[in-house]
Amino acid sequence: ATGDTSQKKIALSNSFAGNAWRQSMLKSWNAVSQQAVADKKVAAAPAFTTAENQVTEQAQQIQNLILQGYNAIVIDAVSPTALNGTIKKACAAGVVVVSFDGVVDEPCAYRVNFDFKGWAEQGVDYLATRLNGKGNILEVRGVAGISVDNLMHEGVLEGLKKHPGMKLVGSVNGDWTQSVAQKAVAGILPTLPQVDGVATEGEMSFGIAQAFKAANRPAPPMIIGSTYPELQWWSEQTKAGYQSRSLSNPPGAVSFAFWVAQQVLAGKKIPKEVTINVPLLAISQQELPAKLAAIPPGGIADVTYTLPQTVALLDKK
Amino acid sequence: MTFANTQARLRAMLPAISLVAVLVPIAIMQPTVMSYFGSSLLLNLAVPIVLATLAQLAIITVNDLDLSIGPFVSLVACIGATLLVKQPWLGALALAGCVLAYAAVGALIELRQIPSIVVTLGLSFVWSGLAIVLLPSPGGTSPEWLGTAMGYQTPLIAAPIVWSVLIAIVGHLLLMRSSAGVRVRGAGGNPRAMRRFGWSLVRSKATLYGVAGVFGVLSGLSLLGLTTSADANLALRYTLLSIAAVILGGGEFIGGRVSVVGAVLGAITLTLAASFLAFLNISADWQVGMQGAILIVVLSLRVLLQRGERR
Amino acid sequence: MKTQISSEPIASQDSAWARLKSIQAPWAWSFVGTVLVWFGIVGVFGFGIASNVAQTALTYGVFMVLVGLGQMLVITSGVGNIDLSVPSTIALAGVIGMHVMRSSNGYIALGVAAVLGVGVVVGVANYMLIRLLRIPPIIATLSSSFIIQSIAITQGRQLPPPPPALGAFATGRVAGVPYIALLALALSIALAVLLHRAVYGRRLSAIGQNARAAWLAGVNVHRTRCLAYVLSSMIASLTALLLAAISGGASLDMGVEYMLISIAVVVIGGTLVTGGKATIVGVWGASMFLFLTNAALNAVGADAGVRSIVYGVLIISVTVAAGGKVLR
Amino acid sequence: MGATSSQEDSRALIRFEGIGKTFGRVRALTDIDFAFLPGECVGIAGHNGAGKSTLMSVLAGVYAPTQGRIEVDGHDAPHYDANAARNAGVRCVFQELSLCANLTVAENMTVVHPHLHGRGWRRKATALMREKLDEIFPDHGLKGGELVSDLTLTQQQMVEIARAFTVTDTPVRLVILDEPTSSLDAHTAEQLLAFVRRAAAERGITCLLITHMLGEIERVADRVMVMRDGGIVGVLPRAQSSRASIIQAMGQHLEADKSPAAARARNARSDQAHFRWNVGVKKHTVIEASRGEIVGFAGLAGQGQTEALLSIYDAATRHGAARTKVAFVAGDRGRDGVFPVWSIAQNLDLRWLLGGAKRKRGLVDFAAARELVEAWRAKIGIRGASMNAGILSLSGGNQQKVLFARALACDAELILMDDPTRGVDVGTKRDIYQLVHEEAAKGRTFIWYTTENEELSHCDRTYVFRSAAVTRVLHADECTEEALLAASFEDQAA
């Protein structure tokens, strides 16, 4: 749609800024929104972040954004359900709500997300092909009580159901943090038999690998995330014959959510009932050297979307 | 004596002054907040915070600190969103059980003479765990009546303000005016003397912890009514927020000095202070830091006033 | 434990009974717990893994010990004193350290100095909030932690990984004992000397019991308490460096879990929460206890909710068992 | 009234038979037999740690005795606790104040009167309290709505005493006053003593008065119970309750050498005052002292003497020209002096560690510390516990001695004393006076605030305070009781 949105204001309500992924996301948002403001696509598009990653805090923040008269709010929600009351208020006030990454249940909001369950399932499938459908699997989960963690856990279980030869021998919470994952895995490893594969929820593979190394065990196959240390480690291991692939949810996809909000404001009809899945970022063994060379140390492999790309993706569905 | 009296009055006025100091700039930046709609949007999340603050206050009264109130409120919301909807009796029973557990912990802390900080720290793990077991992933729905109650539109003045005033009055009458409340506060002021005069400290602590449990339950339910669904991490930040609110309201960690009205004002002030940010335009990097800075400014305001009064 | 006895300068005349009572110290409980859990794990999974379990506990429990030691100093400096800025200090120190060291072994010393400098600045800033603005420590350090977090965020992009030598140090061990455990032990001994043999320990204990009385007895209350906060932040910073080294890079959220844990290990370890009495050994016992409990729960496959419940019940039980350590 | 006889026993209000009490290894009371008769006033005297407070705590139901039986109105009372005591009409003013500082004066009434509740309880409590305060301390100036923490120590003491005499549902039949005058000035103490006599004579309330100021006992007591080492060593009838005979019964001999003031007439003093401070409101009041001088602070209690001491202390510890090596002896032990976690030895050597001790490579020299503690233990005669025992196991007076030793056992040139003999027995006081003179002779300067006018005879010069300012400076020879009283009540000269 090409309606005039140059007077419209879009806000990003982000629940948490304390990890690399969210940091990249904020950076992408800033880049795309500044460009959009410069191009007179929107009047303003600031990002707001809460300090403690808490429902009540974000709910309050969204209510304040409504008060301030934003036309659209892109929300990376801390909880898929607990913001519903607030989001209903926003919709009632005529605000377009696009939820992204942390999506929400509330039917009046648009949903832009990654296929977390499918991601986890693919991970198990990959392990199954590597292990010929047989072996002991350790699961490293994210933060307990978070919906993404549950989705991915379901995906893992689903995947395991398809491959009865693979056995889940342990499960720990790594909180999507390398050091936490490392500690948790190190704690459980001594009590485990041989571990043939690790089902992870992304962004923790480096910590897991460190824990295996410390326990003098070889790193088993697992899906790698997209942060620099992970890719770097993978690339080093490649020399020793280690094979893997990387699958991740690119934080830059927030630009996609931004354009969705802009398009809705511009009058485009987008279904609210279905979740729009942004593709995951996959890196194969062959692509690794090129990708690794492209990101700076400490960075993250990422993709961002332009308006035409977004529209194309939307229309394809 | 007049000096002491003005001092006491100033002490009581401080929370109100802080509130005004935060409210005025917000109202200037965003005049709509003074409307019925604006004030209810700005303040409706203050109600559960006010209730949680009173729960914390009950415990600070006996010189203890409750590090578990946030997880407890979350647990209550989870119970409310699951059991209370499907099996109301079981839900009510579970909530009553939670209050009793709180009272029992109070008695235990006094009986064994153990530090409340660690016990409530342990308790916070227990509440969180129960909440996750009950509601492994966010969801559930709020009971109908709860949503209606929290969505109730009061005439003239926005509902959250009416609620807060009511809570403040009830709390004040209970803890500050009634003779039982006075005695319970005495247990915070001079436990040794209370024991000497034959009062059971165990009973005082159990009572206050029980009261904290009741307020925690109310807080959780009102929060659930607002959010319409629950999650195990729903209100973790209430722990520190409630402590800050009690302190801002003129309470002290030791000596049983608390003020119910002050704490309610403190809770509202902190809610507003957090909103301040949304009205300022700061780069995302510094927003978290700004929240800290605002907290510092609001609290040091209290201290500057107090210091002027002391000299 | 030696440090315990030497804290009583005139122990020679102690009766047997008094000795017995001092042995019945609160920290003993956490050790009993540790041993029980360890035997539990070994009992279930066989004796073969005993040393492995002990080693991992030593490697990863050490971080709890370190943050606990810092927190212990702050808690000892008087009722209400708590440092909630530990996680963000860890984030900031890690970030700064990685930037300064630029992945090069040659810059390690500089990095360590920079990180300790971060600790000093954070500690002094925390104490300034408490002293000049008279904000209760629990709120002051929470507020400052937000600000520190913001600073860490601005610096936290594109972090170089730690220098290889540092990584090797963090993961290396001698005779099965990790280097970092030895480092923590050395730090503990240094602190034990500071607390039980040097005048500073007496000053800290005095202000912890009664700041006014300490002031009237000639103790410089502010300097003593300020140093406690500074030491706490410095230890947190050092921890950040080791955490970054062992996990191959600093991240903004690597300290988050240590906020509550640091308090838990101090108090379970038998340090008086009301201030005035520190127990270094207890911090070790409590850290090992909590780490092993968590590992055991993971190992038996308890899910997160159950794990959390058991964890909480254990903390309460240990406290209740050790209870009654008030003075009257 | 004479000594206990069997005929009087039959009308005893409360009777103790073979009461004993032990704390761990400490025997605080042994085999106490005593009958408290209605309407008499019993003075109780004894050295520090004699067991007076413990005995009274047993009477108030705070401690259950480890041996013996208690009879109330002739009936055996096997479960005698605080509530039973209250029902028997026993009230107690404890040595350490028992008011809740966070409550108002009136609110504190609910603590002793469980029946104050329901509508209008607050008004009732205020009226009761006001009435009693008016009766005992006519010019108290309290309204009832003040927070206790805003009151001075003297006012708190007054409130606590008045509270003990108020009546609601149970009659007041016996009131224990454990060192009630320790923080009252001469004027209010006089009011209290007069009231105690009236209460005993006119209303038949049994009053038990514990005090180290034997003159007070002399004035009001019908009988004097003299305690020593946990036992009663004598019960003196009124006719024999002179100061001298009480002291004799206590087993302490007080030589009548009342000539310290003469000894103070030292000649080799420079005219130049060595120290000079501005204290009080707007820093208008000037306090001066020279080396080796003992300067007294006097006046009614709570007229700003303690504040003046604190501001001198503050000035002396700050960096700057006025910095001096200073030590402080606190009067309010619990608040200002004692470190409850520590042993007696640790409490004693703290100030020495901070100034005066030689350090071995920055570390504490434990051997030297032990020597120091032993030396002071011998010097001031701390009774009742090993030096490694917790400080709280000492009686109040003995704790005070430890604080005294703490201040003297260091390099301080200036010693500030905030009513340091509060709750200290006669014998110990004499030791302390001697110590002060010795140390002053060595060149240490003392500033000594005291509520006991007799002690001012040890001072070279005395500043009399009124409303936080000095109204008069009295030299040793002019420092008579009359002059002090006159100056204390004098309005501030502009």
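Labels A, B, C and D are assigned to the chains in the order they are written; within every chain, residues are numbered from 1.
Just so it is clear, a residue touches a chain if its C-beta (ideal position, glycine included) is under 8 Å from a C-beta of that chain, and two chains touch if they have at least 3 such contacts.
Quick caveat: nothing in here was measured; it's all calculated off a predicted structure.
> Considering only chains that satisfy the touch condition with subunit A, which of them also satisfy it with subunit C?
B
> Report the chain whose mean Cα position is at the greatest distance from that of subunit D.
So the farthest one, by centre of C-alpha atoms, is A.
> Across the interfaces C-D and A-B, which one involves more C-beta pairs in contact?
Between A-B and C-D, contacts are more numerous in A-B.
> Between subunit A and subunit D, tell me the centre distance in angstrom, where each centre is the average of that chain's C-alpha atoms.
The separation of the two C-alpha centroids amounts to 71 Å.
> What's the distance between the Cα centroids of subunit C and subunit D, rounded to whole Å?
That pair's centroid distance is 44 Å.
> Subunit A to subunit B: how many Å between their CA centres?
Computed from C-alpha means, the inter-chain centre distance equals 34 Å.
> Report, in whole Å, the distance between the mean C-alpha point of subunit B and the mean C-alpha point of subunit C.
The separation of the two C-alpha centroids amounts to 30 Å.
> Which residues does subunit A have that touch at least 2 chains other than itself?
Touching at least two other chains: 17-18, 51, 144-145.
> Hey, what residues on subunit D touch two or more of the other chains?
none
> Find every residue in subunit B that makes contact with two or more other chains and list them.
Counting only residues that touch two or more other chains, subunit B contributes 128, 131-132, 136, 232, 285, 287-288, 291-292.
> Judged by the touch rule stated earlier, which pairs of chains are there in contact?
A-B, A-C, B-C, B-D, C-D
> Touching residues of subunit A toward subunit B in the complex: what are they?
Checking each residue of subunit A against subunit B gives 14, 17-18, 26, 30, 46-52, 54-57, 59-61, 63-68, 78-86, 88-89, 105, 144-147, 149-151.
> Considering the complex alone, what residue numbers of subunit B touch subunit D?
Spelled out, the residues of subunit B in touch with subunit D are 1, 4-5, 7-8, 177-180, 182-183, 185-186, 188-190, 192-199, 255-257.
> Looking at the complex, which residues from subunit A come into contact with subunit C?
17-20, 23, 27, 51, 141, 144-145, 170-173, 175, 177-180, 182-184, 186-192, 206-207, 210, 213-215, 229, 232-233, 296-299
> For subunit D, which residues are in contact with subunit C within the complex?
Within the complex, subunit D touches subunit C at residues 25, 313, 317, 326-328, 330, 335-343, 345-346, 349-351, 353-355, 357, 359, 362-364, 366, 369-370, 373, 386-388, 390, 392, 406, 410.
> Which of the residues in subunit C come into contact with subunit A in the complex?
41, 44-45, 49, 52-53, 56-57, 59-60, 63, 91, 98, 103, 146, 149, 153, 156-161, 171, 243, 246-249, 251-254, 256-257, 291, 294-295, 298-299, 301, 303-305, 308
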